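Two complexes come next, and they have one chain in common, chain A, joined by chain B in the first and chain C in the second.
For the complex of A and B:
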């Protein structure tokens, strides 16, 4: 024994076996990849069914390869070697354009088809009046006691939006009854373009540190939007649609690109990348049109997005379900955000550490895991049976989904509030701030990005839910957009479910269902990407 | 604070610095100075842990009172008794009397929030809000509903905190973009903007480099002309340089000696204090 030991010392330190560790490591890797790979295979399969890229002419593929893919690879490769930050900006600009285009589609559905522009305009005017009054009130913040200010603000909003029937006309009523009303595209330019111009103007003023530059940027944004509406019809594009797309997609993307380049000069090459992708796609589209190459016979096409259900899979579309999903999202966000954030603030900042609090704590965690069909039953029981609401409306659908995601919103908001450094609270209390002042001025502003991210991810869960909607009696098939809170509502996943169960036929399975899934996933991906970008942005700042 | 038995350079440094510091701070305390804070048998418990035992002392007006002692001896705890920051800790319990200008701050009718508006505080780690420099300074004014020319108050407070020249061109940039020393002076500007009667400082320079530390020390001495400053430090040279009175806390949460700084450092009554100051105990 002794001699053996001696010789091993002489040879060096010897080896320690790592076989078990190595096997364990690759098993873990396999476990990590299992779900992702399975899902990816399914998605490729579905996307292939929905888009059918192989049905396109070879010339179509070749044209796009030459105009779009090849230049993108070349420019991207060059940038990857020299200036990765710039490449990242270029990618962000392209991504922002895609996501904002989808978003503008949603905005167009809401502000053109669901809410008539004139109605929207009248309420916008009412809101502007109320907000202006509120801003005026904050000037006297220190003279008027808090409760009086809150009461005055509430009264102001109520009077300007609803009026007093019989005595005092609300502002929306007055606007709608006005003898001369502007046409739809002017209204859209004023409302949507106006909001965009305000945001863009402030953003540019901040990055340039020059109020005049901001004013110029805002004004040119507004002029650009109006110009599009005037020029659009001449080349055969609907003025209203163009206004929405310009205001919600083009102008903000351009402002983001411009603003980033102003703050960091060295990122300019990134714009070349973005331009290569955008111009390449446009040139390719024009070229295949001119050369007469047929594109793929995709099921996810314009017709699918803009028509409603039909007996034949070829003519079936998702439009009312898309509108329904959007309305549901708005309702869910409006209900779950204040409730969830309120509960989170109470539990984190106010609740004493006692049995009652711990009881609530445990139950919220459990509620997050309750099956969605149970929430559907709750919605049916409370809203339909007990409160006597009609089945399947936007309001009760939204309320049920809001209950479903409430625990998730509470948990993620608490996480965000807990991550605010305690030093900041101490500093605030040390200055003689009350708990409410500390929460309002220090904790909530710090936690807001995290709260927003969590809420968006939770909304993503709600948009994909089917079971609760079935339970509350939402119709499987809807031929018209829901226009009010009390209209019947359908949603994208419900429509897909109906196609694969009620209308089960080979045609629907292979055409309408994959097309619907692709749209649903695209919307979900867009929402999640917004959440992830938000989170990265604020994580890198702190 | 270990390494007690070898008479190394450290110890030499302590002694030379102490004598230097004394000539600078040349006892400006007058015996008939008004007493602002008076504590009488203050005891603090954190749960079952007895953190402070029978602390009694009198803190005179417009002076710097330093509290020194090893880590965990309760000097920060006592500081937090003065503006009742311990109330924010669920398990903390305070007994005894602590009067601010004759009024016991632990009386039932005292609102701790109102108390903290009269007693400013600067913390160990610089903790400006993630707001602009301007908004940091006016924070106290806004929450306390103080009227006035904010621009002027911001300028005055920043000047008094010796920060104005460095930030006057970028008042609307984030306070977090400043260096550590600048952030701490911003916190001091924020604390004095509301013109408190007493300024509590909890090791305000312990997270800073030597240059920033000496700036803060100069500042503390200047502030003592108008404010009653109570400063916690575990740096004995610092206490010797800037304070008029010194309280020595030792392990177990007791106040061992409280007297004029000069006396504490030159001729302490207690052997334990002498051991601590000369580095034989720590």
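For the complex of A and C:
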């Protein structure tokens, strides 16, 4: 209508039609929507297959609607009108709880099933001793020459962790051979709870600007973790598992919520929102149990997450593949992070602008686009055929995937380093700092969130890769978690692929495959959400 | 400043730790009896082979079996090996069984003969050149028959023009590299003038090799190569499902999981049309496409207790109708055959040790 009017006005001046512009605009909209809607339909379809929400009793839906959905909408709506910041905090707390719960599952797999707690403990003790020694050495920073100090630190770590066979026992060895050792839950409380307590303590000390408060917070974090072990068996949950969940999920979430409220009083109502959601979910769960309403017959259930492959789709599970993916990601991160960040720092801060660096520049961008199957071939050729390693192990899989994401890590790290304002570097130089001091104290801390975000997104790509794993001969089916770098490994996407292709029955296709896809996507979303939160947080801070 | 907090906190941590340990007293601590178990996990650097051998023979018989068993090879035998592995794993939780589907030939050439795997599944006997490759790497395969399969030719459910079934001659015409008919009417003038869409396993597959041997003939022109080749049997089924004028072939087990999706073709070898089924394969009526399936353990690997035990377990259950026929869809071994295989296996194990 507007066009008509406009054109009648403009008649005396000749006519410019807006139709083409309008059509173009809506075509663009259609193009945008097409991909998103198609993907959304697919995801809903898969999720419906995996979770089957319609198989639940009507009472089940009603109960959760009354206890969870309705209060959430009411409280959320009220907050939305009055205090949006608080609502945001509430959402973050709930999100943090969900994501950290997933991570605590991963940590539990690693620290209970993959690494026996005693082994982990022995290495933790070894590390603590070495770190303590290093801290002591730094106190005499001025008396001891630099090279001697580095050598001494290196020697300290080496002796403490590995020892000298035959002459000098390493600390892990001594701990493992000790006649009396703490039980598993105490070990987990000390190691995981200790790390959490340190982080929480520092965080609270920083926001309260009070070291004593930090200490108290750290101590109570540790006590809470230990409480988990004592309470767990009483309510029928394994003590070790509850310790891990408390240390990795509950305590940090609580600390985050508490810390945010301390710094900004006015956000307190946000906690009400978080409490509504959490309590609503719990009350709903207890209520449906008490009232006897059956939940949906989801294929993505506890049994699916905790059992290994089976000949029948109903009993098949993803557990070894989940553990495999976690170990692969740890290996990939350990390999690609230092290499990628190192390369990025060199290229951005040190490299002269000549033909050689421009050549490297172009090639890194090209490498980022090389298909993953080519990296698989590279892994097969270099690691298996040339170096003679066994096929399909954690180390080879991790190394191949690390090569795959290395260019991406380099590019995103360079991006982050480049975004550090040049003024800051100049200021640092102006104060007499050397280039190394500038990089270490100014550039890296400033660029770190960006680097971390890029790395997490790159890991998200690696966790979904299938082709390189097939190329290096990772097994299609295995029944145990990989426990060492040299054990065979499967991964979530590979397991889903094996189910969809090797097990031709309709059962696997409609049950195990969607369930696997949902788990894979949930993990991916959790990883990406961390990256996004990190990015937003640091973007708003600077 | 942060370092300072660290310091205090870790000291505090130790205080609390010792306090907690004191509170729980002896209840919180256990006698360290895990030395023997945790040691091998620790000591394991790169060589997985050396630690495997020791752990089994140390104490007791079957309870302490541990180590890796790597299996590759035929996609036809893969479901059977998986079913056996799943059951074996329930009894010996410390044994890691890793299964891969690579095709019989792919498994021999890339995994088994280079010494990467302990077992290679095959849907045809090992070839001379493969034996040579194995011998060059000091790998001695031990041939064990595990089941009988009815290699199944499938067509689309809507296909009614082929009538009762196909003769061996017609199959040969369709699949051989000689002639390569593009239209169904080229095979039989009464059939529609539509393009034949052919799906089948790749040349890494034992199913492919066996099909050549049984239908086209070893000395013949060979298998035509202008077809959709895949190592994933599901893709073959989907391909045939998708087109009325498609044809393909695969192991019976995959067909038996998808009897609604596609129809099996009865094959006439001169004595009338015979449907592929467990019964006709067992009775020997389904010729020439019923075939033996094998697994080849490496003799060197049989020296390891957990590998030998798994091979024995497989052979002992090879007559099980429940696993082999009902769950997987192949014909189990007879008692005599089983005894023969067990004897062969046991003497190989003895030689290996």
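Convention: the second predicted complex is superposed on the first by the 522 of 542 C-alpha atoms of A that agree within 3 Å, B and C clash if a C-alpha of one lies under 4 Å from a C-alpha of the other, contacts with A are read in each partner's own complex, and residues count from 1 in each chain.
Simple rule for what comes next: contacts are C-beta pairs under 8 Å (C-beta built on N, C-alpha and C of every residue); 3 or more make two chains touch, one makes a residue touch a chain.
The structure displayed is predicted, hence computed values, not measured ones.
Placing chain B and chain C on a common chain A by superposition gives a fit, with no clash between them. In the superposed pair of complexes, A:335 makes contact with neither chain B nor chain C. Residue contacts after overlaying the shared chain place A:182 against chain C, while chain B stays out of touching range.
Touch criterion met: A:424 reaches chain B, while chain C stays clear of it.
Once the two structures are overlaid on chain A, chain A sits at the apex of an angle of 140° toward chain B and chain C, using CA centres and rounding to a multiple of 10. Note on chain A: of its two partners chain C and chain B, the one contacting more of its residues is C. When both complexes are overlaid on chain A, the residue A:214 reaches chain C alone and has no touch with chain B. Annotation: superposed on chain A, chain B and chain C show a minimal Cα-Cα gap of 10 Å. The touching residues of chain C, when paired with chain A in their complex, are 2-3, 5-10, 12-13, 16-17, 20-21, 24, 28-32, 34-35, 37-39, 41-42, 44-46, 48, 68, 70, 72, 75, 78-79, 82-83, 85-86, 89, 93, 95-101, 110-111, 116, 232-235, 237, 254, 257-258, 261, 327-328.
Chain contact summary for the complex, chain A toward chain B: residues 142, 352-353, 421, 423-424, 426-434, 437, 441-442, 445-446, 542. For chain A in complex with chain C, the touching residues are 116, 118-119, 128, 132, 135, 138, 172, 176-183, 186, 189-190, 194, 197-198, 201-202, 205, 211, 214-215, 218-219, 222-223, 226, 308-312, 390-392, 473-480, 483-484, 486-488, 498, 500-506, 509. In the complex of the two chains, the chain B residues touching chain A come out as 83, 85, 88, 90, 113-118, 120-121, 123, 125, 127-130, 139-140, 142-145, 147, 187, 190-191, 194.
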